[in-house]
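One structure below.
Note that the chains are named A, B and C in the order they appear, and that numbering of residues resets to 1 at the start of each chain.
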Amino acid sequence: MNRIIKYVFYDILRTRFIIFYTALLLVSTFAMFQLDSDPNKVVMSLLNVVLMVVPLVSIVFTTIHFYNSYEFIELMLAQPINRRVIFIGEYLAVAMSLCMAFAVGVGIPLGIYGVSATGMSLLFCGIILTLVFVSLAFLAAVLTRDKAKAIGIALLFWFYFSLIYDGFLLWFVYAFADYPLEKITLGLISLNPVDLARVIMLLQLDISALMGYTGAFYRQFFGSSFGIIFSTLILFLWVIIPFFIALRIFSKKDL
Amino acid sequence: MISIQKVNKNFGKLHVLKQVDLDLSMGRSYALVGPNGSGKTTLIKSILGLVVPSSGEIVFEGKSIAKDWMYREKIGYMPQIGRYPENMTIGQLIDMMKNIRKNAEVLDDSIIEGFKLYKMFDKRMHALSGGTRQKVSAALAFLFNPPVLILDEPTAGLDPISVEILKEKILEEKHRGKLLIISSHILSDLDELTSDMVYIYEGQVHYNNTIQTLKEETQEKKLGKAIATMIGQKQLIDSVNR
Amino acid sequence: MKSGHQCMKALKIIFLSCFVAITAYGSTITVSKQGKIKSIKQAISQAKPGDTLYITSGTYKEGNIIIEKSLTLIGENFPVLDGDHKVEIFTIHAHYVTISGLKFINTGIASINDLAAIKVLDSKWLRITNNRFVNTFFAIHFSNSSHSWIVGNQLQSDAKAEHQIGNGIHLWKCDHITVDNNIVKGHRDGIYFEFVTNSLITGNYSKGNMRYGLHFMFSHNNEYRNNTFVENGAGVAVMYTTGVKMINNTFEHNWGSSAYGLLLKDIRDSFVSGNRFLQNSVGILMEGSSRIQFDNNTFSENGYAIKLQASCDDNNFKRNNFSSNTFDLATNGSLVLNSVNGNYWDKYEGYDLNKDSVGDIPHHPVSMYSMVVEQMPAAVLLWRSFLVLLMDKAEKAIPVMTPQNLKDESPAMKPYDLNTKSQ
């Protein structure tokens, strides 16, 4: 499997898109540091990138990559090798290259302009969101045989987690404003990896104090070691669960 | 060697393979013939385990292939369309395949030699023409010297000289007593390369016998003509039966 | 106002010279563990008005000491006066008393009496200077007194809960007091005034107090300059007062779900000028306040720079710098009775075609989402999400929720240079 990962990984690293993505992240992060001397503000601006661009790029690129590799995967599956190995190999190669693009594009400027705790958690959130959306993309890809349909499903995933879900959450908060919502909203936020990453970052940045009782509750929760383990675990579940569903479907799928 | 037993395959409402029964034995070379969409590719993919039959069983050397993958060690497959990761070199691809098929005892690089691919080992896939990619596919199919060869439209897209090299190779393997399954629309090629014919129409095996017998039955000398006559006869019989 | 200030200064000079004259005529008594007079109580009973008591280093545990004569008490190397967790240490009921260079520790704690290290009742012309207070319930407590100086004291307490601790500098019904250069840490309220007028509060440093760094009500015409209020439980709260001048103070890092840099409740006819509000959850929260001039203030990295309740009117904000705040200005009503003009906003997205350093299109400092959060606090959970970004952009294009008239007509293109502190 190692050699499959290695060569597929090399292949993806050389694709124009990944090079472009890395360069874009690198240039924009450097530009943000140039424009703003306050590293916390830069992290805040980067948060938008992490919450919107990273998931979108990860999910679309992965889905397209899967369908572009369709014939290759077919050929690989005709070899004496377990389907799972091919799937895991492809997954790791794509995930590694996207994570590397992000880590280089954002990590290097962060490293040069000063490593901070918030910077580190931003990197962590970016990488984990990349993994989550690569998993979701593989799920979208194996759910259908049609490339256009798969990209549609992938975009729908992205749209759902970045926009539709939050709309629902806002409605929920509005409708039940008179009730104590801390624990329920905490649960609801755990159901969306983008929101979870955002709240983790926000609590480190600016608004915990503005959130009144809710904020205090969250800060206490996410500040505790249980909270840190819990949120990290939930994020990892968001990587693993779609991955395993996709793996199961793929092992039985007709190509 | 390969026994296909009452295999059915549905894609949604589409019934692609209908009760296919087929025995393929070593030392024979089968031409897989049928119109577009008749189920040839699905049948090949079923043998390779790429498609899982809805019902029925495929047995390879006495063992069911369901949930098995080691049997593919004995199969060399040349796909109809060879598309590879764009930035992978030929050398990397072959290295990777060698790594996967470590158990192969004898490597047969005569095709790589014949197609002069060694010179192009550092070329990336996106820089190759369709024909060259086809050559790479052929090279991979023969490289591990497998007893079973499944070739899907092997000569399509190749230049005449390369077609001859490939044909020679196929004949050589045939004479070595391997099992060959060749799907093609170029019947003159099949006439040279194969000993048996399997005709598939609308998911069913309509004819399965030696080409020699077919020619005798239809009293034609060329395979193309023989098939046309065979189809004509069948249609006649069908209409009478109705 | 200015002449009033000068008048006060003149008064002080006269007062000082009287003071010097009086002490010059007194005799000196030394209190020492090794000497003839071993206790402060003994020295006080022997002393005549105008005498000076030198207290040498050592620990004096004498219960409650009452001073009813005009005396000067000066400590050498900070002799320790220990209240043994039971009593009030000094109770002063006399004019012209000076307490300097002493260290007070461990007063009693009581819920009925305000036990203090130094309690002053109905007195004038006092100087409480350069003393140290450690774990005192109240440190300096003045009632119904005037014309006094509280200068250069260091107050430190490490109580765990609000009911275990009193205020650092507590003034009730006083006037003409100067509170200068004191350091107050770990009390309930660092500086607490009730009915205190015409006083000057300068250069104090109030940090980590349980409730407020500075807390006053009904205390008119006082001036607060160059003070620093840092990391207090609820920041600074001032109420029911007119004629407040707050100049060049720093309100920093008062961070918490109910903490404010400065809470202004029912404050009228006042000036808030040249102050710095840094990293507070709310820079200024205003309720029912009118006719306050806010200028040359810096608001940076606050949650809300200013929360302006609809009950405020006729306030004027100009030449302030707003940068890196989550929300610059939030309000809970649509009626606009305050003026906001010529400030610098880092969120301003306009342009300046004629290069006069003033933006050509007005800036709306109230963000839509701050209005949403005002109505449903839990909605702040969605802050910085894509949804909220889109909603805010949409609102900017077509204002629906935000008060349309609350706008800065001439926003500055560059921040004002407010770093130079004018004393």
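Miscellaneous remarks
Convention: a contact is a pair of C-beta atoms (placed from the backbone, for glycine too) under 8 Å apart; a residue touches a chain by one contact, two chains touch by 3 or more.
Worth saying up front: this structure is predicted, and the values here are computed from it rather than measured.
Steps from chain B to chain C, taking the shortest chain of touch contacts, total 2. A comparison of C-alpha centroids places A closest to the centre of the full protein. Here the CA centre of chain B is 89 Å from the CA centre of chain C.
Rounded to whole angstrom units, the spacing between the C-alpha centres of chain A and chain C is 47.
Work out the mean CA point of chain A and of chain B, and you get 42 Å between them. Chain contact summary for the complex, chain C toward chain A: residues 255-259, 281, 301, 303-304, 324, 326-327, 373, 375-390. The touching residues of chain B, when paired with chain A in their complex, are 11, 45, 48-52, 69-73, 75, 77, 79, 81-88, 92-93, 95-97, 99-101, 103, 137, 140.
Contact residues on chain A toward chain B in their complex (touch as defined above): 3-4, 7-8, 10-12, 14-15, 68-72, 74-83, 252, 254-255. The residues of chain A lying in touch with chain C in their complex are 38, 40-41, 44, 47-48, 51-52, 162-163, 166-167, 169-170, 173-174, 177, 181, 185, 189, 194-195, 198-199, 202, 206-207, 209-216.
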